[in-house]
Amino acid sequence: MKMTLMEIAAFIGGTIIGSEDIIISNIRSIEEADKGDLTFIANKKYLKNLKTTKASAILVSPQTTAEGKNLIVVSEPYVALVKLLDLFYPADHGRSGISSDAYIEDGVEVSSKATIFPRAFISKGVKIGKGTVVYPGVFIGKNVSIGENSIIYANVTVHHSCVIGNRVILHSGVIIGADGFGFASPGRQNIKIPQVGFVQIDNDVEIGANTTIDRATLGKTWIQRNVKIDNLVQIAHNVVIGENSVITAQVGISGSTKLGKSVLVGGQAGMVGHISIGDNVMIAAGSGIHRDIKPGEIVGGNPQLPYKEWLQFEACRSKLPEIRATFRDLVKKVDSLEKKFQKKVK
Amino acid sequence: MKMTLMEIAAFIGGTIIGSEDIIISNIRSIEEADKGDLTFIANKKYLKNLKTTKASAILVSPQTTAEGKNLIVVSEPYVALVKLLDLFYPADHGRSGISSDAYIEDGVEVSSKATIFPRAFISKGVKIGKGTVVYPGVFIGKNVSIGENSIIYANVTVHHSCVIGNRVILHSGVIIGADGFGFASPGRQNIKIPQVGFVQIDNDVEIGANTTIDRATLGKTWIQRNVKIDNLVQIAHNVVIGENSVITAQVGISGSTKLGKSVLVGGQAGMVGHISIGDNVMIAAGSGIHRDIKPGEIVGGNPQLPYKEWLQFEACRSKLPEIRATFRDLVKKVDSLEKKFQKKVK
Amino acid sequence: MKMTLMEIAAFIGGTIIGSEDIIISNIRSIEEADKGDLTFIANKKYLKNLKTTKASAILVSPQTTAEGKNLIVVSEPYVALVKLLDLFYPADHGRSGISSDAYIEDGVEVSSKATIFPRAFISKGVKIGKGTVVYPGVFIGKNVSIGENSIIYANVTVHHSCVIGNRVILHSGVIIGADGFGFASPGRQNIKIPQVGFVQIDNDVEIGANTTIDRATLGKTWIQRNVKIDNLVQIAHNVVIGENSVITAQVGISGSTKLGKSVLVGGQAGMVGHISIGDNVMIAAGSGIHRDIKPGEIVGGNPQLPYKEWLQFEACRSKLPEIRATFRDLVKKVDSLEKKFQKKVK
């Protein structure tokens, strides 16, 4: 793919500072970019590379300047970058149609416009919509429904009765609908509570590699529209995640906890079960959340504190040993002073 | 499935308060239940829903009352629920027998009463007992032994020489018997120490999706009878987990650590290697355990503290900045007071 | 395999204390070893077992003594153990050649000296070198290159365009090259940023079960020579891990973070994105790293502190409630003393 800077600027609605005629063949990061490459500044940390980059042009936000460089200025560089990446590097699954080497049980409804790779396993009662791609090693259990234009990557498992929407992406190793973890009399008899619910994944959800989303005990575990979940995340039975929420890698959410809309959860955070996290909450990486969080709150630490309190605590955490030592001295000093004073008063 | 409340009460040994003749068709959670549904109160948090639920009947523990509602009173609602769920929603793998589309090497002993799905891979020397179900995408390595009535879900891997008991459930993506993580001269040469032991999983163990249990360096990694392990848990080489213990999601247990019986471990907790955790220990979610824990202890925090000390610390953690600020003032005040006093005494 | 102690000592270059003629048939841990077994002391914790072990001989480091026991003394017992384990228990994949039951697309270059198991899936454009073993259930995406003598265990997924070196071990369930987690306008629109880079894994790298290594947004995610990564680790897009580094289980490394050479990371530690960790850094288990770390530093805690400061804080953490209580008393005492003094002075 080759385009002039002018063509690119027209495509993304940007303004050029510099030469319009240079040819762009590739998009590369600011550290790797060379002649013929377009690069971008998406994180202020990389502004320092603006002078030294060898890129032929740089995608920047307004107010960014760089003498002698060719810039395309757009209000949202990341959004423009997305359009260009899709243009330069279109996704290609390399196949279409339903392979005769897939194992497809009787009584399924797979669109003839779906792509089923060899070695996928489709159980009876499954429905798969047009444009959906199912890679090798995928197991789709009985009566699962998958919408249109979804991508189910290699070695994904979707257990029976789960419902997957349109434009959903399940990355490799994802397990949807394994049994929730529920036992009566835990630690003594460990009597398994049958997990007879399902998992519902709404449109435009993306779920990262090796993430596990358990089926509900009863009813459904529910991942709502446009939620994005990273790798190795654990979502327990009956959890609900509200639309547009973003869950970073290795987060764990315990049973029946409900997240509102647009919740942002940092990596490795954990939440106990049966709590409510309000809309627009932000949870710092590594936090442990033990109670309900009100809409819009920002929290950190384990157990959670309001973010500011947590930062203040962390800031003087390393002073505790010094405080403790001086404190003992002070106690003695005051005692001695008191005694002297008592003596004097007498 | 349709049963009268009277039939249900007889089946689980409960007492009815209200009408005996109503028909139950489904079991649902208290929030979702509607006419024709039986629901239950398993967590006190949900007692508030007792008045408003639309369920036709509610399974409750003794002393629970709800005017105008049909109740079945049992001493252990969760245990009764288990029996009813098994009755209303019996497990159904949808197949039986050994599929000719499974890949089975020569020299295996698979019971004719086992179920092997298409696309499972069974290596030579493997033994599989009657009633055991092996789903598609499963890899069973050489000389593995699996007992009776176990379920090996899709895309599980069990490496060579591991021993799996009866009524064991391995959820999808579980890896049993990958190499333990052992290197001589770590960080410099990283010389791999061959991992030549195996994993033994005793009867009635259940292991959650994408959990990994490494083979021993020598000898065995051992998961004892009736242990229940959640998703995405890491069990390192030569770990022993005592019977009835319950390990929640994303826990990590380092090499050669031994857990006693009936140990309860909260989610995302971690344990260093070569330590002993006594019987009946409880470890709070997110804890980091760095030393032996005596039987019956309850611990939390990272590094661990006795649970009460940990709670007390956490409770005044957010006061540290204030203490620090006031402390500096107090030091000055005492100094000034001392000087004045000295002056006066002179 | 049977060898005399003399033969073993000759093979590993050790010195015998005791009888040279005894026959060794197996290598076992010090707790399990019995007559005919060689055992070893690799961790000082186990020195206490030296007297009571039933092993016929013990591999020890210099200066270790045990009356009446047969010892082989070597400068590095772990390295000697590695040689003996390889000798007594040679790895055996049980197959060779390219199975006709593997699914191999047109246009691949697989060495005739590679081993491809049945049910592996090899996409077009793939290159696989001699001596490499690919197990069942493995998916290799388009244009992937794998070097010589590597082992790709069952149910691994390697996505398109990734580059794997020689003598690399990918344990079961590993996912290489799933999309990095990048969205413009997170929590609101969640616009997916196409991930068009790849993953490069250099020679002698070993990666643990169910670990995920995401492809770069642009450019590459790069695991350098001889890095060892444990199970269930998350490596985000564009991360670089320097040679000989050791990453323990359940660690998470966020996007674009760079680790130097010989970095040791303890289990469950997390690192934010876009930071630099210097050569020879050691990070304690469970730490949360929020900033650059200089070469050679040892850090712990969340957020990280220099290791000594962290230990000091942890040591007096449980005293905070007591300090707080006594502190309030002290404030009152000083106030009262001051008042009395003021009165007296008047």
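Some notes on this structure:
Letters A, B and C name the chains as they come in the text, with residue numbers starting at 1 for each one.
The definition used in the following text is that a residue touches a chain if its C-beta (ideal position, glycine included) is under 8 Å from a C-beta of that chain, and two chains touch if they have at least 3 such contacts.
Bear in mind the structure is a predicted one, so any value in this text is a computation, not a measurement.
In the CA-based superposition of chain A onto chain B, the rotation angle is 120 degrees, rounded to steps of 5. Two copies of one chain, chain B and chain C, form a contact in which under half of the residue numbers belong to both partners.
Averaged Cα coordinates give chain B a centre that lies 24 Å from the centre of chain C.
Contact with two or more other chains is made by residues 119, 137, 155, 173, 210, 232, 250, 268, 302, 317, 320, 323, 327, 330, 334, 337, 341 of chain C.
For chain B in complex with chain A, the residues that touch the partner chain are 27-29, 31-32, 43, 45, 76, 78-79, 81-82, 85-86, 88-89, 91, 94, 101, 117-119, 135-137, 153-155, 169, 171-173, 204, 206, 208-210, 226, 228, 230-232, 244-246, 248-250, 262-264, 267-268, 280, 285-286, 302, 314, 317-318, 320-321, 323-324, 327, 330-331, 334, 337-338, 341, 345. Interface of chain A with chain B (complex): residues 103, 119, 121, 123-124, 137, 139, 141-142, 155, 157, 159, 173, 175, 178-179, 181, 183-194, 196, 210, 212, 214, 217-219, 232, 234, 236, 238, 250, 252, 254, 268, 270, 272, 274, 288, 301-303, 305, 309-310, 312-313, 315-317, 319-320, 323, 326-327, 330, 333-334, 337, 340-341, 344.
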